[in-house]
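Each of the next two complexes has chain A plus one more chain, namely chain B in the first and chain C in the second.
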Partner chain A sequence: MRHYFGRKLLVYALTFVVAVTVNWMIPRFMPGDPVAGMLARTGVSQPAAVEAMRVYYTDLFGFDRPLWEQYAGFWATLLRGDFGISIWLFPTPVSTVILRAVPYTLALMIPAVLLSWWAGNRLGAYAARRRLLDNTVLPVGYVLTAMPYMWLAVLLAWGLGVVAGWFPVAGGYAFSLQPALTGEFLLSLLHHWVLPFLSLFLVALGGWAIGMRNMIIYELESDYATYLAALGAPSRLIRRYAFRNAVLPQITGLALQLGVLVAGALVTEIVFSYPGLGSLILKAIQNQDFFLLQGTFMFIVVGVLVANFVIDLVYVVVDPRTRAGMAGAQA
Partner chain B sequence: MTLTVTDLRVSYRTLGGEVKALDGVSFGVRDGEILGLAGESGCGKTTLGKSLIRLDGRMRHVGGTVELDGRELPIADDRRMNAFRFHEVSLVPQYAMSALNPTRRIGRMVAELLKSRGVRLDRDKLERRLDLVGLPREVLDRYPLELSGGMKQRMVMVVSTLLDPSLLVADEITSALDVSTQKAVARALLGFRDSGFVKSMLFITHDLALTSHIADTIMVMYAGRLTEKAPADVMVKAPRHPYTRMLINSLPEVGVRHAERPLSGIAGSPPSLLDPPPGCRFRDRCPLADEGCAEDPPVTETEPDHFVACWKA
Partner chain C sequence: MRKRARILVPLLAAALAAAACSGGGATPPSQGAGPPPGNPGNPGSLPRNETLYTTGTQWGPPAHFNPIREGDHATGTKGLVYETLFHYDPNTAKLVPWLAESGSWTSDTVYEAKIRSGVTWSDGKPLTAKDVAFSYGLGKIETISFHNLYDWLKSVEAVDDRTVRFTFSKANYQEWDFNLYSRVIVPEHIWAGRSEEEVLNGANDKPVGSGAYAYQSHDQDRVVYVRRDDWWGRSALGKEPRPRYIVDVATPSNEVAMGMLLQKGLDLSNNFLPGVANLVKGNFGITTFYDQPPYMLSANTAWLVPNTTRKPMDDPAFRRALAASVDTKKIVEGVYGNLVKVASPTGLLPQWDQFVDQSVVGAAGFAFDTAKARRTLADAGYRDRDGDGLVENKDGSKIKLTLIVPTGWTDWMEAARTIATSAKAAGIDVTPDFPDFNALVEKRSKGDFDLLVNNERQLSNTPWTYYDYVFQLPVNKTQNTVNFGRYENQRAWKLVQQLNQVRTDDVAGMKTVISQIQRIHLDEMPIIPLWYNGLWAQSSVATWKNWPSAAQGAPKSAPVLWRHWLELGGFETLTQIQPAGS
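So, the complex of A and B:
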């Protein structure tokens, strides 16, 4: 057990180091100069003043030091939990900017991931037993899962937002409101949440339903199911066993899907101008905001790693075969 | 008679048409009798075993009846058949290695299975049966993958016979085991019969040597039909059907150097059951065949309890 988790943690640690390094590299090797951009926005035209500001900012952000020093400094501040100061929203610290956006992304992602997984599994299992349902769920599932997130998002925004007018198509809450803990604000929040949630939910749902349907059919034809049927066990029991065993690969799938879903959430947020991490990344790129970009990426990397680790733990609990593998036994 | 099978016909639906896997098979199994069912692959022995407990989706009951303890088994009616399964007819399957749900502790799975059949788990009885087959009681707290192949096999045997069925169908249960485990399994089966856990048994195998050790009667099938049925010792010593004789002669013997006496097989292969030719089905491979064999040979009782389907016997 300790050996197993030791190895897992080592792999996660290595992944983290590589991700952080890549994360540090990407914005720095992007074309363009962030300080020049900032100076352009200030609208100062006096060359001497511009030069003074350039020196000040370059020194402040440490761009004048050699790359390896920047890299080491990056790690040092990172380990202190300091992500630096945003260039775009100067002088707000990056952590503050991110923490403001995180609730929106999580409120979108967590229900979308878990509900689509749950509903997809149910739907797939149900499709496996009814031919009629199978003939509808399967094609619809394929269409949904093949659909790019932003395409579905645009369709939903157009259909339910612009044409039907049921839901707003942009923002996290009505522009006329200020964030506050009032019923009106919460309602507006929920109202704005529906479409982005739905677009993430539907795309993921199709994939889960197809996967589950195939797994259940496979399990129902397995030897233990045949044996139970020969002993006259009711199909309720057989289906329960089949479902439970078919869910195991779906749990692995959930771990793999998390990364994809994060990316999906990014584009969806951009389509709906939702004030989460996705919109933040777009803004960071547009403004050459290295620190903000690094901070958001870091947050996503850590999120995916933690989620995968949780799934590793869940797997150990639900599948006895993993436990045997940990003891070094041959399954 | 525990089991009486009369003119049973079962076929498989395939894209090419109906494959007549069982084409009019009649036989009986007495109380306490172990009937060994032998024959080469595709002769219909597994189909026969399955027909007695559960037809799979591709199988179709064409005709004939099966009677168990004087009651007719509704073998074509999956739902009505359920009442008999496990209670009256039970099965130790070919695939005993993978017959247990891999993600349930064995004890819990057994309890859930029994509960679903409306029976309360008698823990004492279960433990006594485990003792009988030489399994430690702790296996109930283990997962199937923690057991060896032979242990899983014995576990399945215990589960299948827990409700003391009248008839146990044991389908190729020793094929995947090594010789010493085969012996343990065969002994356990005999023990089950002798203790009255199962009244009678259908022991399906392609291993004639092993069958002759545990079966009281041996029945040989060929291409969906019965060829010969006789008490085990008679079958081994004085088979009458040419197919049975050749089958027994083709078994290797320990101590015989086959360079001196080549191991003979039976040339040719069984006819297609999609559209079998009329007459004796062994005709094409039989050294004794003549024009008379173009007619179906009836199953006749040449001596008491010795049935042969051959014009030449």
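So, the complex of A and C:
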């Protein structure tokens, strides 16, 4: 067991180092100069003042130092939990920007991913056994998965928001409210959360349902199922075994989904003007905000690693073969 | 089944708990959600009929409330919270006394402003001439945006509590008027203790201003202001902004603004909404300044900027041919659906119409004329030698020009394609290219481009700002804000400086100089005016009415909250609108 997790942790640590390095490199290889963009925004015309400002900001952000020094400095500040100051939202620290956005992203994505996974698997498993369901759920599932997400989101915003007027089309909570621990505020949070959640949920649902349905059919036709049936086991028992085998690939899929959680919300957050991390990433790229980009990417990297680690743990619990494998490795 | 449930339930529970926590944790800590002093806290929701919802300035979380950082402060920091000595009314072309009760030149190089009495900061302290002297004094900081004022401003002093004296080494009357309504006044008793670093880069998250609104709260996607009932202007100006609350919403895209507008959740959208003509004509309760093309007032001129340091753009004849080749009407109709207007050959905004010398335009102006463009090219020696329908340089080498506009600016991208097509029709090989905005800024400032489209000069009190943009010299290694085409013409620049020193009430004197500048502009075509970008403003009449419009009896002020526009009529609009129920 220790050996297994030791090896896993080592792999994660290596992945982390590589990801952080790539994360540091990518923005610096993008064309354009972030300070120039920032100066253009200030609208200063006098050459002397522009030069003074350029020197000041270049120094502030450390762009004048040699690359290896910037890289070393990056690690040093990173380990202190300091991501620097956002260029786009100057002078707000990156950590503040991210911390404000993270709750929205997580509150949106975690339920969307988990619930769609759960509901999709259930639906798929049922569909595999009921012809009627198979003929209705599956086509709907195909349509939902194949539909461009952007389009579905815009349709939802338009139909349920603008035309029907049931849900607001923008914001994390009503623009007339201030954050407070009141029922009104919490309801408003929920009200604004429904549409973006629904769009993510619907799109993911179809994919999970199709996957599960196919896996179940495959498992039900495998040798062990036939053997069990030949032994006269009740079909309920066979289905339970089939489900437990079929859910394993789905768990792996879930790990991947959880990993790209943050990036996945990008379009949602823009369409519904929802104040999460996704829209920050886009803006950070557009404004060459190295630090904000690094901060959000770091969040994604850590998210992927943690999600994978959790799934590793889950695997040990749900798949006896993993436990057997670990025992074998120790022996 | 039982086992699976055992795993899934805690997993789900954990997820839901996390979601619940984060939902509750969405409240930004310490970000001053509390009510401002002097205002009874309003924990409930803002009353809809007393609140104005706006959008279109802020594209991301409000970063700071520092009015010294004029380019990126939160919407309303300057204009609602902080004020200037004067406002400017583009309709009457006059400065409107604001914090200053009056101001005048006491000699050729001395300007004195009388500050109103009875103006108080939102913390209760009085605003005096000392605050004004202090605020203008900040310009001495080398990296402040208006440091160049000190090239010709010698000193600022508070003579007494109500008089500020500005002594100049050289009186740039036009530029000074621009400064009078652009420079913000901050309280000395708060700012004097700040370091240069803090003044320039501080977030100033508890702004104390003299304006009609006080900061109430902000979050990632909004800023909330509340009206100050003890604002000085109520008695001194007899004006009162009608909305008790202003909520400026940061929308990441124009589509969202459109949706909110249709939901009546938004009262004023200062976004560019393509196709808004249909909304105005249909029965959606949405109005614009004009109820027919161009629907909007004009805010700035979009130019085609040739890099005059490169061949063949260094040749005025070539630039004139290029100007005549562009089918601007097609851009106005096809790309904008008539939301913008074709620019005058001078590029001067409609509000500056009196300064356009029609005789000069008649003699040297240009219009879309492919045949004429071809003729001009041929006369200047640009001929098609290899029969591909495109002209070559005089030395026979190929002409291949690239026109750059920022990627994602869909209207400009489409306009660039139109320009390229119509230039090709006249025999000039132009290819549109869409780099990232920052990459474009870098190329632009280094002069590493052939052609680009730009519109970075807004309407102001004087065409001087316009010509300063076109002709400013010297050309530096990096050109950040003006003269991107690196055009050098000493005579024109002298005239622009001369214009700067004409008194602002001497309209005839201004016209004389401007006419000469116009002649140079049209003969040399250092920059090609294409169309007037709109002062994008769509308002909903569901909650507020009496929006500015061309209709009789309606207010004529600019209906925008963009940065720098609150002083150009945006604030007056707030005092003119009325609750729809009244």
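The working rule: the second predicted complex is superposed on the first by the 316 of 331 C-alpha atoms of A that agree within 3 Å, B and C clash if a C-alpha of one lies under 4 Å from a C-alpha of the other, contacts with A are read in each partner's own complex, and residues count from 1 in each chain.
The rule is short, and it goes like this: contacts are C-beta pairs under 8 Å (C-beta built on N, C-alpha and C of every residue); 3 or more make two chains touch, one makes a residue touch a chain.
Computed from a predicted structure; not experimentally measured.
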Which of chain B and chain C A:Leu292 touches, first, second, both or neither: neither
Partner chain in contact with A:Ala101 - chain B first, chain C second, else both or neither: second
Partner chain(s) touched by A:Leu152 [first = chain B, second = chain C, both, neither]: neither
Partner contacting more residues of chain A (chain B vs chain C): C
First, second, both or neither for A:Arg244, with chain B first and chain C second: both
Which of chain B and chain C A:Gln178 touches, first, second, both or neither: second
Which of chain B and chain C A:Tyr56 touches, first, second, both or neither: second
Touched partner set for A:Leu228, first chain B, second chain C, both or neither: first
Intersection of chain A interface sets (partners chain B, chain C): 244, 318
Interface residues, chain A side, partner chain C - complex: 30-34, 36-37, 39-50, 52-53, 56, 86, 88-92, 97, 100-104, 106-107, 110-111, 114, 118, 154, 157-158, 161-162, 165, 168-182, 184, 186, 189-190, 193, 240, 243-244, 247, 269-273, 275, 279-280, 282-283, 286-288, 314, 317-318
Touch list for chain A against partner chain B, complex: 222-224, 226-234, 236-237, 241, 244-245, 248, 318-321, 324, 329, 331
Contact set on chain B toward chain A in their complex: 53-54, 56, 81-87, 90-91, 93, 95, 98-105, 112-113, 116-117, 143, 145-146, 156, 159-160
Touching residues on chain C, where the partner in the complex is chain A: 1, 3-4, 7-8, 11-12, 15-16, 18-19, 21-28, 33, 42-48, 51, 53, 59-61, 63-64, 69-72, 142-145, 147-148, 151, 201-203, 217, 219-222, 224, 247, 249, 251-253, 255-256, 259-260, 262-263, 265, 408, 435-442, 445, 456, 472, 476, 478, 480-482
